[in-house]
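Here chain A shows up in two complexes: once beside chain B, once beside chain C.
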Partner chain A sequence: MAVLSFTLMPEAAAKVHDLLVCLGKFSDTVAIEARRERFTFTALNSSKSAYAALSLDAKQFFTSYECIPSQGSPDGRFTCSMYTKALLSVFKGRLYDPLGRDGAIDHCEVSVQDRPDQTECRFIIKMICNQGVIKTYKLTYEATEVMHALFDRNVAKNRWSMHAAAMKEYIEYFGTKTEMLDIFAGEDGRAVFKSYTEKITNGKEILKHPLVTAVAVNTSDFEEFNVQMGLHIIISVKDFKAIVVHADTLKTSLKAFYSQPTRPLQFSYGCDGLLCEFTLMTSGDYNAAPTPTPAPQMPSRANSRAQSTANERPDMRGGRLEMPPPVEPASRRSTRRRNPGSRKARSPRSAEPDPDSLFIQPDEDDARWEPVDYNNEEETLGWDASAEHGSVAFPTFRDSGTLSRTETEDNNEAIAPTQRVSQVKGLW
Partner chain B sequence: MRFKASIQNINTFTKLTASLNSLGPLAWVKLSDEQVCFTIIPEQGTQVWAVLSIDAIFETYTVQSAANNVINLEVPLTSLNRALKSALNATSAQIRLTKKDNQPLLALTIMTTSSSNSYAAFPTTGGNVNEDDLEQIPMDDGLRGNRETIITQEVPVRVLGPDTVAGLHEPQCREPDVHIILPPLMQLKSISDRFTKLALAGAKAGAGVGTSSRTRLEMAANMHGCLKMSIRTDAMSISSVWTDLNNPELDPSQVAGGEIGIAEHPSTRMKQLGSADGRSEEGWAIVRIDGRDWGKVMSVGRLGGRVIACFCHEHALILYVYLPSDNGEDESVLTV
Partner chain C sequence: MDDEDEHPVLTAVSNSARQLYHLLRCINFSDKAHVQISEEGLRFSVDEASVMEGSAFLDKSLFTSYTFRATPPQPRQHEDSDEEEEDEASSTPTFQISLPSLLETLQIFGLTDPNNSKPPWARDNSTSTAFSNNVLGMNNMCRISYDSIGAPLSIILTESTISTTCNLTTYEPDFADEIPFDRQSLAFKTIMRGSWLFDAISELASTSPESLSLYARMARGKPFFALSASGPLGSARVEFSQQQQPTPAPPPTNPNHPSAPDAQPNLLETFQLSDPTSTLRSTYKFALIQKAARAMSVATKVSIRSDTQGVLSLQFMIEVDAGAEGAKVSFVDFRFVPLVDEGEEGYEADETILGIEADHDEGTKDEI
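Here is the complex of A and B:
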């Protein structure tokens, strides 16, 4: 019995088009989460290595906005998911045209028909065009749980920000078909964006190898550049391009936040009630340049190459892990229940219903076995929506690295059964 | 083996690689002390043998190798073209042959100062550029100055040994019957493209099965400044005729046999035949070429050079493209 209806001016509708184009580059489906104070589009790519959340502010972005979540819903929100393409065929390009040419609209009204007494549940979009033409679209949607990737900016000490237009100029230099982007903070006052492909080819095939492009930018050209010298961080160049192109449509600055390789990176930008946040998987440093990180990090470093090739490696884990959890001592179970670390509130209908599934597959690569570093607060980076918003909790992604750490922090006596003996020795 | 040069004429180089790329994906590049040769020998279609003087594209050029200071490379043109495109606004660009992980590559180092106008629109209200934004541009410039960016592009290449390329020679051809300066290639291309399209549509609408999808453009020229392009299918026959084109005089010093050679040259005989209005049936040297191949060759027009077509009746069409600077000679050989 949720009520959701809002009105968009042509400018805002055009922005919805732009953001859908961007989200379409990440996922076929886009999830919608409506709350009283904001409306959020989220998308998670199939390899779960990139998560996007684009929030529209109820007051600023919309001309009118009303969202009354159904009474039964404990967390005060309406969620659903839809095909990105279906929405894009409604929110076409050129909705906003000051000259009022073909395709331009006067305004756009959206409502959700979500009542048990009605035969159909539909997402209804009315495009009120000039000359009294009204186009009504009724889209089907799917009820879904919307998950959020939480990113703790306090631990992401490395930051930079640059105008998206300048950034867009750089990505245009990149060759087509490249896969990875290495962002490197050089010691000579330059930041290097290098697009490359890891595929190894031989003989004649070598000529088909894509271009390797490195763009070296003076750090003084950034609006802000505060990154540890010599730090390499690698993301997918396709994701980066999608983000930069969208940020450029808003004529705004792109901000990046990250801590270290294998930890998530966040891009953030926005204006006029639209806030875009992309949380991306990163992989180990290219060419294994030394980074002054704590010594116990070494196993992850050694594995950095393997990770960057294996794109699948989920830095962000979906709710469920694939492996049935090993049997767990009862003592540990109680500890975890008592204190979930940085995650304060946990939804009863969590997407991760089994707390035991925090364990890792035994044959996973070594990097997942990051030893605990008690001195490093940075390590408590997590994926949890509840901490930031302070509202009722809802399902979260989590980074298993963090979780195993949380466990051990809680209970030093109990070591996860799958942990390697060698690493245990290294800890104490 | 060493090759290093700064690219002096980025625009020409980019356009050259783009034109070559429409004819084939890989080029054999021969770098020597005197000249740079680009050769494309596709399995079928048009061969290109381009010779450029070094200063047409490079300056401060060094090439060193054990094989008489000649370096032969196999270069993927798409990548090279892409790399050069990023240098279009460059203040300077360098190219050198280097090795990384045992893989030879051409590395381009490009210095650019970014165009500050793309930086103009501030994060503003509404996102639409209004007058306020425009006024902010100069202020922005003053604030940041020129942003200098270094771009390095690495194009993987294959080094060819001297013996690999020893067997490759420019095709020999008999003396042409007619040589003529072509009209502007853009004009020629738009007409030939239309002809080809019509012929293809006609072929599809017709019997369909059995008709070859190759379209044959018939090109003909005489020694009286006429060029005729025609296409014939079962359903139609179209032709365009250009008149008042120029048939350049042969230089006796360049023709085998000097003055006598010219007197006996097939083109001298062709001069006796035909007329300047193009109506005569006589005096035409005719070649038939594939419409699509022709379309690809026409892409060389972007270089804006002077093009001389040499017709060997029922045998071959050779196009010589002379770059505007007159330093280089880009020679396309189209064999039918």
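Here is the complex of A and C:
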């Protein structure tokens, strides 16, 4: 059975607190993946538009670290998920206090009780305080599979990097209620960070007021700025703020990698054995920017795809962004005519394998994508009935009549269920 | 009762309403508080469903002047001799008042420290004489008086030239029985810093538990005290063990002596177990214990006692600032009725705790 135990010094425990605060802004639950050489916290937000993976290096970050995955586990890892809130109540603030006042700890021991001969499976965290006080927490956890969003930095030609402290000053100007952030590489040697909210009215009632804050930064203020001129890319302000605030606690530089709108963007930073990577969906009019044609990217496309959910665009539902559907090649379009016309209106894209899509293509090798070997397709389908935890890319059944009908109709197109669930969520 | 009361039952003057407020705030978990007036001071007690009670004693030393006049003997002459009991009760008048109102009243001028602040509208003190209020320490006074049984409790607060009189309605006493706690047959007693207990309770609160379990035993000759709680998200336990003490605690055969006196402040100052060979375990409702949290946070020390029936007594020693005279000590008491032991489930948890504790002990032993 899996053995996982490690020890943290107060400084490291305080960093765990900081990262949990950051992950808490993305998701209620945090998934844990422990491997022999590293320990990773991941979080996927509820709209599947942002994915965070924070890896702690086994040698650098921990005082001691031992992870022996169970024999049966296919790829040598221990995974589980827990409530962020529960972990945060253990990894409180002020764990690290140089003066050693109350609340400060001497060290922190974490182990997982996962043996069948013990009555309870628990994630055990032991905070050893200075004066002989020991606080032990036994948290329940849920066994889950952890998936990772893949991101191919070779494709992401647009890069910039800036010290998080400077970036933190800029985000303070963004309005608290704003939703979107447009990162624009101007042609006058400036980058513009514009936070805004689209005005939404319902009849005469104004539901959301437009509020725009634009922060223009000279590109010379960046440590590195290598972005195609005139490129707009739009992400969520809330995510960006959470990332910058956390990066600032590490006093490090924030690096951004992206290719073009509608393709994932990655923020990356880290120090002292902590590596943080956030893969975010982006939006924006990708036709507007004079981007290179997608063709050169095709060879590496398989690697650049994030997991299918990362590309979902929940904002399309709100109608805030007018985003053209991806261009569909004529060959694909012809296949759609087989579908009944009534369905076409509701889900024009669901049956269309889009060559530019990040979704899994039916004709591609799915096996590489699956985190574990799904030899038995039938079992796999029944595996997750809740469909609410992080890994939506698993094939799931829904108790919805329309969906099941869609499935039968799609049979001849042989699209993997992986694709459908995510698309259904995006369109309904 | 009905004749001229030129001699009120109680007149007490304090120069710091703040002190009284801080003490009474510790037991502010119920609407009504019983007030018992005696020669030694005022005793405020509150009660929750007869399973928890808290009381704060305002010693007469907290007041600059304290005059208690037992109820005049006239009632006895008026009434029949069979009212012996009432007479006895009336010698220490008891009544109920609304505790939240009293607390509101006491902080009517805010909670500024009288000794180092004056109201912003106060004039400059250049014209003060030897008899001015500031010099006499009279600019911030709280006068409590209770004229006779049935009369309102009147509180007069004075600050500079402003004085406020509040009359709080008194009610008939409601209960007389307090939770029995047998001081003679203690099962367990320990004294520790109040902030440790507060810290532990707030840690345990994060699991949103129903009940709180208390464990005490001698672990390899060393005192061991733990609080444990479990909720839907998991369980949490805070252990206090005397691991920094290099010399072992007194042998368990000598339980009625406190731990060896130590130069450095011990985590558990006193540790007594009536039966050191076994583990004491009792369970209390967490929500009730949490009501004592305010007292824990301000207390310097807390004495945790449990009698053989499992009734838990928490006695908090609270230092109130008494200006130049140095710190005075007041006590706030809580008593809790235990929950009935749930049997097997409890034993299982018990064993887990002991098993892990034993492992840990081994570890520390090796380190040492």
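One rule holds in what follows: the second predicted complex is superposed on the first by the 276 of 428 C-alpha atoms of A that agree within 3 Å, B and C clash if a C-alpha of one lies under 4 Å from a C-alpha of the other, contacts with A are read in each partner's own complex, and residues count from 1 in each chain.
Here is the rule we use: contacts are C-beta pairs under 8 Å (C-beta built on N, C-alpha and C of every residue); 3 or more make two chains touch, one makes a residue touch a chain.
From a predicted model like this one, the values you see are computed outputs, not experimental measurements.
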Superposition-derived comparison: chain B or chain C, residues of chain A touched: B
Touching partner for A:29 - first (chain B), second (chain C), both, neither: neither
Which of chain B and chain C A:7 touches, first, second, both or neither: neither
Partner chain in contact with A:90 - chain B first, chain C second, else both or neither: second
Touched partner set for A:139, first chain B, second chain C, both or neither: second
Touched partner set for A:217, first chain B, second chain C, both or neither: first
Chain B versus chain C as contact partner of A:158, first or second or both or neither: neither
Chain B versus chain C as contact partner of A:173, first or second or both or neither: first
Chain A residues contacted in one complex by chain B, in the other by chain C: none
Chain C-touching residues of chain A, taken from the complex the two chains share: 83, 85-86, 89-90, 102-103, 119, 122-123, 131-140
Footprint of chain A on chain B - complex, ascending: 26, 74-76, 79, 82-83, 86, 103, 105, 114-115, 118-129, 144, 147-158
Residue numbers on chain C that touch chain A, as the complex places them: 195-196, 199-200, 203, 206-207, 230, 232-244, 267, 348, 356, 360
Touch list for chain A against partner chain B, complex: 11, 15, 98, 163, 165-166, 168-170, 172-173, 175-176, 190, 204, 206-218, 221, 249-253, 271-272
